[in-house]
């Protein structure tokens, strides 16, 4: 069993969400829910994080940010989309500036439903994410050389839509 | 004795030759050849007098003395004229005071005193001779390349390089004179030559700023000169001696020589740019960098502390000793603080120089065996490391076009070799296994043992400040910035020679310092402090330090720059544009990230620190002399 | 530029719960210039008026922001009801007021926690949020949701609170008061906290007026401004008087919010006492919104505008929200200048930013 | 202390310090969590974190960074070794400074905004605690006539009797060194800081693991200095000293949970004032009575 | 307490009067509440809401789409928020804005989404 | 200089049982009104499609012909709007939430005389159909 399962550090990024899921993510860290029981720390720094919690959907402006945070996380990493906005754009799906769920930009491993997602659901989601992490870690052992093949630096500069 | 004479006279000959042969090629050859000769001679001197405790030479005759006097009068006239011409009347006044007094003294009292030993060589002067002979000449060597660039950058101005090299070698000659003269009149003569040389070297570019600063240096040093003259007069008139060793011997035998000692120490304080006279050293930074390296780090200011250290047996818990200790302590603390607020590399170096000289002075002022051990160690390490740093800054300035530390961002990418040298230099100034720290450690221990708790506090706080300003510079050097072009191929090869030499010296001296200590310093100290001999550092600790240094040097070699890790862009809150240098900023603009150091102006502002320091140090000086005068009356 | 450091602050930054970006120009740690940039959450949801019927739109409007959710729902319903000339039942008005004040409690406690987190007082943050959960439990009991209630609808409210629950609300909030007093004491009297808050980001009354600040931000600078004074809801019946402080610094803003929590507890008790029996909603069938109306509401963060323009159809022609953070942002730009880097999170937090409100 | 005891001291430190340090960190986190009304992580959590970090994909922002961090770890260990071998306290402090400088330079080398600001703050903290650290050594020297740690713990007198001021001052700077609130300026174990992760922003995976373990080593050695204040030749004193170490650590946790993070001005002012008052006055009195 | 929320006060003014009116109101102690825009067939309908003592006064002006209008940021600096927003989302043109983000206040997938241009290709 | 103002609460918390609800170990008790997920008593359902039309999040798909009622779980915002508009009141709010999943769960209820149980997982192609549509 990999140690990743015992100490999954998270990073939380608020896409274009309504804050509802964000405060529930934060609430998970607080005494009543206390994610630290599982060894989870909210690091706030992608380079330390194992699980990427995204709330809210992607829009024009934050798409590069989401991508960049994802790329800056070292392997193994998992993405948990919290709330239905992150899953599919939710109620804002039809808004002109919403591109859709997080999976339009980066691969999502776990979807946590709810509007806003309940802390219990987030805990469940993160625990599921831990499972994904363990699998990815095992896969890394098998073929350690194969990591992310894309050169990370090039992705965020593209700005085609603006012109 | 011949070799001592050679060391004093040969640079003079070289200087005059340089004034005659004005082509680049000839100059290159002369400078290189004489540098090698001088360095070799100083090493030979060290070897020759290695075993003997100290040697005194009867040398000199009336003609020589008269010649010196004539030159002195000429110098005074020159200063007087320059002062009038540039409306710096204070300089003229000071010159008009000291030289007539000196001439009067020599014609009246001086005649009647027989000076047996005009020259001498002991282990301390050998150390100084080595510093001047090796480091001083290597700075001249470095100047060959540097001054070519300098001329290139200032092509609109006339080529004054012959004059420059003349002054450099003249200066070296005078410095040798200072460290080998036992006759105080001679010492004074060389002392004045260095003062005037520094004036011309500082005002080399002849802009108004440089002339002003040169005058400031001149005036402050002339103050010291007045002190020196008074000391000679007092010694001659009341004690009937003119020989340095006799004076020190009297002091250690219990005869009160505190008045001449304080006057001489005062002269030392001005020359060593201690507060309240530190501003000349800062002003002198306008000069070409080799000048700064030669005059203001490794030699001229060292003449100031040299005389104080020489006097240290008669200092200690007397009023002269307390004066020197206090002034040194104040300078160390406040100059270290002031260095924090500086971003101009040369000014940082200048403040650091003033601070370290303060520490040396404080050690010498304490006047115990262990303290003087620390002082001499500091002199050695400081001379090597500081000239390395000055020269590095000079090279950097010519290649990146700025001497500001903040513009040296990413120097590691642009000039890796230079940056490495600089890192060694910086580390050498304050980090654990390197020399300066060892000396500081010894100094601290000496302070505690001497029971001077105020100094203990000063060194504790001063070192903290030192740590801050060096490390932030070190950080700038170490920063790896993306997309930096390597431009170090433009550097002259002479510059590389010297930088490499000094870097190696910095490391080697630290490695062999237990040897230096036991072979040179301890024997010297045993002669001047015959009674007690408590070592500042246990030999065990010394070897631990050397071993640690070896480790620090070996580690990078082992590491070898290999890394099989994936290199990723830096974290910029998710707004990195991918090149690690810009981020997507407000208004969707691409903003270049800019990382600068802290300067804490409101805490450690230069003006504030200088004001406090000058007032405090001046108060110490004034009250000391007031007490001395009061004692006389 | 000399010794100036320019760093990106956000969009992803752990100290900010929401993405906002600042180009921070600092010297040592002193902020010389801070240029804000928003837009990371802009969804354009006001434009959904074209796609959602006015009765459904309330669910969208509630999700402008998860913290001020209830207020948004109320504001929207209020505006639309005014367009349709509907007078909602008194009980519904009372219920809305109770929920709104509970929201204020939860929002302020959340804010206090975040503020504590902003100045690195982790245990204070934890205890604030621990206490806050009790309010959330009340929400869950009465509405079924923790942050988004979906109880407001055009014409009234969807759920009633029965007597027992009302009593529980009063008991729980009153019970919280004791523990909250300890937290409030820490905020108001603890040396280290006071040191971080007092004298930081001072906004004079003149500046507060000039920069058109609203809410606790304005009240902390001594501006007499509280939309509850306009008489919406049942505030006039409860005898409401706003909390005003005069210092205008972060500390004063903190005090204002703490006092408002106490005030909310009182208002809830009073409302629970005075609540009349009756219907909780009136039917809206056969009546379509037309004309225009601007409703204003005192959200936890301050005055909020809801502009609705009906087109005599099921779809509104225009709906617009101007949120308190929106108008407080210029003041933020102002107070950020000359502060320390360590104060930046503090200052951003003391305007209690709700970026998702601002950008919609 | 003779060679044998020195070697035993070093070996014990090398092997036990990370274990004890990790456990201490775990207990710290548990107690903190309890103080915050939370259940908290398992006691062994720091070890899980450490091994997890080792397992992560190795990434870096430049080639030299890892080297500096390795040096940091190495010299922290060497510092501790000097200390537990009974060496010179000043040497220990200087080596510690060297190690810390390596960490700062590692952060500088990344040339990344938050790491840089963190590094500046770390430097400032070093400047803040350095005088008091040196005065602590001076205090021991004045009491025992030697800088050697070995002489202090076998001394005839209990150091704290003579050095109460120095002890308080040292506990004060311990807050900085243990990176506890109110002085967790440059990097914090707490997540939400204006500097993201400050100094350690650019370190990840193994590098981060090394920093963690270096901190464990460092913490144990810092508590060793606390131990020095109490322990002397009396047989029972080591027991008391260990208890005091725990008490001090608990005090630090309590302080951590009761203070807001202060700004750098306060950090610098207060620790210098503490050094100037507690340290200086204590030393003065020692001079007078000694 | 009266029900002040019922008072709406929509005052229709000419675009040329705007600055003068706003200045007068500011001198009277009014505070800028909000500015918003509605796309109508004639162009834009702008509403400037000002508040004094919790009572609203709304200035209403209708301008053709191409017309430039004076910015009120000179009087009420915070208005830059609203003006930039309208500039980005509707394409209203302002003269002399104190702080002009130049169409980069919100980054949106299409230009002026509230007032889609035919030339921009397909609208909603 | 008042320090340790929080001290009492901190020390009390240290020795008290933590406030943490040990969630996965001890299950949460739900309130009666808790909005978790929507169930359809499919036998009652008349497939009128009002819920689909009114759903603000477009999470529902009703197909009268195949008698199916499909809910995209990862799109439902639990607003209970559908329950309110349902003429047959066959929709029910259950207070347990949909559990997180690695896929976007779509539940399809098919009403037929013989079969009255919900089919929790839909076939993949239907899933795509339900959630894959992109809205500009």
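Read from first to last, the chains carry the letters A, B, C, D, E and F; within each, the first residue is number 1.
The rule is short, and it goes like this: contacts are C-beta pairs under 8 Å (C-beta built on N, C-alpha and C of every residue); 3 or more make two chains touch, one makes a residue touch a chain.
Source: prediction; values computed, not measured.
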Touch-network distance, chain D to chain E, counted in steps: 2
Farthest chain relative to chain F (centres taken as mean CA coordinates): B
Reference chain E; chain at largest CA-centroid distance: B
Rounded Å distance, chain A centre to chain B centre (Cα mean): 59
Rounded Å distance between chain A and chain E, as computed from the means of their C-alpha atoms: 38
Inter-chain centre distance, chain B versus chain F - centres from mean C-alpha coordinates, in Å: 79
CA centroid of chain A to CA centroid of chain C, Å: 27
For chain E, residues that touch 2 or more chains besides their own: 105-108, 113, 124
Touching two or more other chains - residues of chain A: 13, 30-32, 34, 37, 42-47, 59, 61, 65, 69, 90-91, 94, 96-97, 115, 118-119, 147
Residues of chain C engaged with two or more neighbouring chains: 5, 7-8, 11-15, 29, 39, 42, 44, 47, 59-60, 63, 123-124, 126-127, 130, 145, 148, 190, 192-193, 359
In the complex, chain A residues that touch chain D: 2-4, 6-9, 30-31, 34, 36-39, 41-45, 47-48, 50, 74-76, 137, 140, 147
Chain E partner contacts - residues on chain C that touch it in the complex: 38-39, 42, 44, 47, 50, 82, 209-212, 225, 227, 229-232, 235-236, 292-296, 303, 305, 307, 309, 317-318, 320, 322, 326-327, 329-331, 359
Interface residues, chain E side, partner chain B - complex: 101-102, 104-105, 107
Chain A-facing residues of chain B, complex: 566, 568-569, 571, 574-580, 584
Chain E - residues contacting chain A, complex: 106-110, 113, 124
